[in-house]
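One chain, chain A, appears in both complexes that follow, with chain B as partner in the first and chain C in the second.
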Partner chain A sequence: MKGLRQTEVLVIGGGPAGLSASLEAASLGCQVTLVDSDLALGGQLIKQTHKFFGSKDERAGTRGFKISEILLEELDGYKDRVKVHMNCTATGFYREDGVVSCVIGEDEYFRIKPGKIVMATGAQERLLPFPNNHLPGVYGAGAVQTLMNVYGVAPGKRVLMVGAGNIGLIVSYQLMQAGVEIAGIVEAMDRVGGYWVHAAKVRRMGVPIYLRHTIKEALGDRVIAGAMIQEIDDKFQPVGKEIQVDADIICMAVGLTPTCELLWQAGCEMVFVPQLCGHVAQRDLFMRTSHPDIWVAGDAAGIEEASAAMVEGRIAGVGVARSLGKGDSSEHSKRLEEYRRRLADLRGGEVGQKICQGLECCTVNEWGV
Partner chain B sequence: MIMDLIEKHPILEFKHGKKVKFTFDGNEMEGYEGEPIAAALHANGVRIYRVTPVKEQTRGFFCAIGKCSSCFMVVDGVPNVRTCVTPLKTGMRVETQRGKGVIAMDAE
Partner chain C sequence: MNEKEKLFNSGVLVETRKGAVEPPVDLWQNKKNGLVIIECPQRIPCNPCHTSCPTGAVKPFRDINDQPEIDYEKCTGCARCVAVCPGLACFVVDLTWGDEDTALMKLPYEMLPVPEEGKSVDCLNRVGEPISRGKVVKVLEPMHDRTMVVHVEVPRSKVMEIRTIRVVR
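And now, the complex of A and B:
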């Protein structure tokens, strides 16, 4: 293990939130180290082929992977201030000395002592318990998108999608664009969870959406060959006859949960907020957690859309710079006011109400510092 | 075996890097340098990446973000390599991992 490295700001995660936080902190004069566990920056953005909703400020109407390109271009302007480590996983936070351990690839470890940290670690997918869910061919929706939209590899020939939220609907449509057949979409609720426009697109293509249905078991010996699905009642108990669906892929789009291991390790005050899909760190209006040197942004702070993640990243970036005394305070105030307005706009709709309810459970005005 | 890749796409244009050769359980395959080993295997029709130690169940690609351990394989003799986030290099020896894997100890 090499010696201890130093950085003013360590940003963990190079998705929409982490990129935005890095850019914002760098633009105010901070030296930033950005680590990302993937082989490319941009997080989930690089696989989003659909046009974003939200507001003009957050590039509504632009496809996700284009937004990623725009952010990376902006990052190019801060080469002297932002040091990027790819394929680099932050593996631990050590409370006694504030050191973060990282590993590049599988075995190149290093330790780094940051002044401030922005945790923009994103989310991980949920899985449902059902027999044979371990068989190769049961893939997360994010993984399916990575295969087909980043690397141009069709995940299979015929896919059963589980979950009719936005991700399930969008990925079904993307699979069809890649020439893959959709056997159907299974949804436990009695209505489609995602936006109507996405549901309409797949219905127009003739894809059946099985509402009030669940996957009973996956079929196959060594790899997936299909699934049994069944209708469920109001108490989610199976009723009616089982339907056998032939498929070589079962794609799980049943939601995400914040990735928060490092926040737990750091001893941040955590709270379970169903509206934000899991345990999240308590934060103030600058996105600072209860740990004075740790900020949080994006899905790691609660599951929401990439548009909001980008603004939260910007806010965390200003917050970090402000606490380091970088940039002048009128500039901080101006930017914060602008970003908070943008967040409020993004959360103005019906979906935003749920988010706002969740945020009320985990937000303080400002920690007594 | 010829790689099964998406050729026509209404939105995306795939820019692959250099094509390189590697082996999977001794069979020669082609993939693109710098792309994840798991993606290259998938394009070559490989679905089973490891077999679990106790129940001997098959595991394959799953999360694609280096978190779930489903795609652990033996790469150039090293077990438990996260093939979904490990870039492919020319001449790599990729093998199905059976059980926990054995870490080769240097004879000192």
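And now, the complex of A and C:
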């Protein structure tokens, strides 16, 4: 077939999961091709200016973008084995011959036939419907972060944040660092969903968090001028008085859902797991999906954290190397044991419990292959 | 959900609890350089306060999700944990500072502008209300990573309320 490229391993997505998978596979001797639709590698990490949690192994206390720099430095050591295409989107997986189509920029197209694939495509933002949400000034948290931390542009002057998960809390904090005022954070549940310490950080700077509240409608004529928020009851029905909040930006941080189109295309067995925030591929303990040549890692396998995404990526990297017969089996076992221990540690807390429940619904011991 | 629970659930400490305790007063009163106060009451996968503490005052974690526990005898008030904690949940309070009405707080700070030594700042409580003025004594960047540790002289009676500062323009 004309113009068909080959690679032992194709990693789709160059966030923490994909970078780690590439590094691990390369370190065991695989030839890797890494594609990412963005203009820079690092995925979500390049937008994270705050210090991460975790242990030393996952570089706790280091700012997110620094972690990305560390991974890229490590990648530099494998130049001979890892070929990187940026601004390159994997657009389709063809089941009949296992070929993946990719587009670089808008007009350069190529097809590639990988031996094995790691899908590390990350996540997509969820949005919330409410009246007037079409007005300019309504953003997803990802866009706000990109504007602010990648391009250095303040999105507005006064922001109403919707959602008090880690993303809502952290983006609020980052906005304040950029000199933007936070009018308040609205949260439907009766407690913040993110880490308590992240909430404490913004509370002590005077930001109100409206628990059990939702946004009723956005206000404004041609652009956002504010919003009406209202308390809700156990059944999420509006009760109590409405509060008008002035703001020129409404930022939605109401959750992410795994990016899994390519997994569907490949016919991987998928399950809906609420704890992992959407449809995810069934996987075994090596992160292999029901498709014998496809592995999954990071947020694409279930919404979690960069720390876990990196370890999952490592596991998938060992998985593909093992199935390609690269590296020796005692080395595989040693690494896997270490990575599984780290994952178990990371998932031992309150938030981790939920993840573990979710994983029980989509993990098999090993596919019979 | 009562008011107290509501406050706590939104990130405001309302009483001491596991992972957020007060230092023992007897030891604290005479401890030059101060003792640490950590307010980290939730089980989260995080442990730099322990791994970075040079004296072992933050006890070893059995599980990385444990809340920090402190051996106050060992704490030297060095404020390294203040500089590394990603949750900005560590503070040092030196009650021996100045006269009997003042104390020194070593607080984490990541906002701009960076406070200036000698200047007066607003001291904010856990919900961001300005409750007194303080004087910036020293501004350090111990880990060279943009997290400042600001030493502020504050009224001694307010050390269990003040948790951050605001630069007055």
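The rule we apply is simple: the second predicted complex is superposed on the first by the 365 of 369 C-alpha atoms of A that agree within 3 Å, B and C clash if a C-alpha of one lies under 4 Å from a C-alpha of the other, contacts with A are read in each partner's own complex, and residues count from 1 in each chain.
By our rule, a residue touches a chain if its C-beta (ideal position, glycine included) is under 8 Å from a C-beta of that chain, and two chains touch if they have at least 3 such contacts.
Computed from a predicted structure; not experimentally measured.
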{"item": "A:63 touches, of chain B and chain C: first, second, both or neither?", "value": "both"}
{"item": "Touching partner for A:137 - first (chain B), second (chain C), both, neither", "value": "first"}
{"item": "Touching partner for A:99 - first (chain B), second (chain C), both, neither", "value": "neither"}
{"item": "Partner chain in contact with A:222 - chain B first, chain C second, else both or neither", "value": "first"}
{"item": "Contacts of A:177 with chain B and chain C, given as first, second, both or neither", "value": "both"}
{"item": "Which of chain B and chain C A:350 touches, first, second, both or neither", "value": "second"}
{"item": "Chain B versus chain C as contact partner of A:336, first or second or both or neither", "value": "neither"}
{"item": "Touching both chain C and chain B, counted on chain A across the two superposed complexes", "value": "63, 177, 179"}
{"item": "Sites on chain C touched by chain A in the complex", "value": "1, 6, 9-13, 39-48, 51-52, 63-65, 84-89, 110-112, 124-129, 145, 147, 163-164, 166"}
{"item": "Contacting residues of chain B [partner chain A, same complex]", "value": "4-6, 8-12, 14, 16, 32, 34-36, 39, 42-43, 47-49, 57-67, 78, 81-82, 84-87"}
{"item": "Residues of chain A touching chain B in the complex", "value": "37-39, 49, 63, 65, 87, 89, 105-106, 124-125, 134-140, 142-143, 146-149, 151-155, 177-179, 222-223, 259"}
{"item": "Residue ranges of chain A in contact with chain C within the complex", "value": "50-56, 60-61, 63, 164, 176-177, 179, 190-192, 195-207, 209, 211, 307, 345-352"}
